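Structure first, then comments.
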Amino acid sequence: MTIRLQREAFDIGREIDAMTRGRTDIGAVVTFTGICRGTEDDGPIAALTLEHYPGMAEEEIARHIAEAERRWPLLGVTVIHRYGRIEPGETIVLVVTASSHRQAAFAAGEFLMDYLKTRAPFWKREERTGDTRWVEAKDDDDEAAARWR
Amino acid sequence: MTIRLQREAFDIGREIDAMTRGRTDIGAVVTFTGICRGTEDDGPIAALTLEHYPGMAEEEIARHIAEAERRWPLLGVTVIHRYGRIEPGETIVLVVTASSHRQAAFAAGEFLMDYLKTRAPFWKREERTGDTRWVEAKDDDDEAAARWR
Amino acid sequence: MKLLYFAWIRERIGKEQEDVELPADVKTVEDLVSWLAARGDEYAHAFANPKVVRAAIDRHHVKPDASLTGAREIAFFPPMTGG
Amino acid sequence: MKLLYFAWIRERIGKEQEDVELPADVKTVEDLVSWLAARGDEYAHAFANPKVVRAAIDRHHVKPDASLTGAREIAFFPPMTGG
């Protein structure tokens, strides 16, 4: 598994390549990319600033990946989560899952995203014109994560 | 929507970029990449040759994308399917789905793959050492597609 | 009427496509399969098990009882294995 | 014992971390929240609604009734909004 927390943007093609190059056992690769949107439910935003708990964030992601590996026959998992200031249109998070068949790759990707949303120690602060505020957690994210219990 | 049938490999990063560049409404992009494996259930394979029904393949994919767009609030869909001879480790198919939220992007990607497997007019022929044969359709692919009815 | 064949159906029949004049009593896809199967050994071989043969009329999947009325292009192929 | 604060809890308390000596009767996470809330206005503000405060002991999520025995690092933060 590959876990990286970084300020910099990532290159999705390069991450897939790093996972699959030289292998002939992988039949399916699913990627999820989360992108900063320019509008939230109640208006435009100028940027997000992502804070995280260094150390725990990596460990918590590693625990989720280990759980995904127990549930599905995965052949590779990469999670990259950015922190710092991110503007609309920029990427925030990348999850790559590989398996011999598509069902496991899709399910594990969705599982990891649901858990990252509700259990990984990251907090988003929205920057609006002349104002900033912390993003509130969403009930439907908790419900999405609860499906896997 | 973007639909392409081609012999050549595709560049996943470039396809995501083409879909998302300059937009701030997309919050989630899911990609599925199908890759030729070097071993099927009953032994090693040297290559696949993919035959398709030109004209119908594009139309059938377009009908599936239109159905996905009816079911989920999608902001972009790209399907690229290769034909011709493909060796183990090479890509076969790419599906990219974008939405403002992750659930729609995941569900639409899985829906499109299930339908491509069972309804898009493509046929795989396996090349083994000194032998070739047509791949048989799998019951579990039909069952996966039936979930969406 | 234009007929198209794909994958092992194409291989067994030995051609990719052909134009045929159908008798008046060939009204559905399954009528056409029976009529073709009687045209020679290669067709009989291709349609030996009609259950595994799929058909499309004018590029839309159809069932065996689909009517041929108005059809321009009919394709026969095995179950799809793309993706 | 090392305490860490994140997001608006950090902002309200005005510091990222601190080392504290706990009285013997502070045995659980909720005991610690009550003890901290009584330390001053900034803490009272941060812990005004304990229901929205989450805690981790040594980098594992825990519930309010979790024991502090053996803990080295305790973090307080609002519900996560990553991903």
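Lettered A, B, C and D in written order, each chain numbered from 1.
By our rule, a contact is a pair of C-beta atoms (placed from the backbone, for glycine too) under 8 Å apart; a residue touches a chain by one contact, two chains touch by 3 or more.
As the structure is a prediction and not an experimental result, all values here were calculated from the model.
Leaving out subunit B only, the rest of the assembly separates into the touching groups A, D | C. In summary, no chain was found to touch both subunit B and subunit C. Look at the CA centroids: the one farthest from the centroid of subunit B belongs to D.
One simple way to say how far apart two chains are is to compare their mean CA positions; for subunit B and subunit D this gives 48 Å.
Per-chain CA centroids place subunit A at a distance of 26 Å from subunit D.
Here the CA centre of subunit C is 72 Å from the CA centre of subunit D. The multi-chain contact residues of subunit A, meaning those touching 2 or more other chains, are 34, 113. In this structure, the chains touch in the following pairs: A-B, A-D, B-C.
Within the complex, the subunit C residues that touch subunit B are 4, 6-8, 56, 59, 61, 75, 77-83. Of all the residues in subunit B, the ones that touch subunit A in their complex are 11-14, 16, 20, 22-39, 88-89, 100, 102-103, 105-106, 109-110, 113, 144. The residues of subunit B lying in touch with subunit C in their complex are 34, 50-53, 55-56, 59-60, 81, 92-93, 113, 116-125, 134-137, 141.
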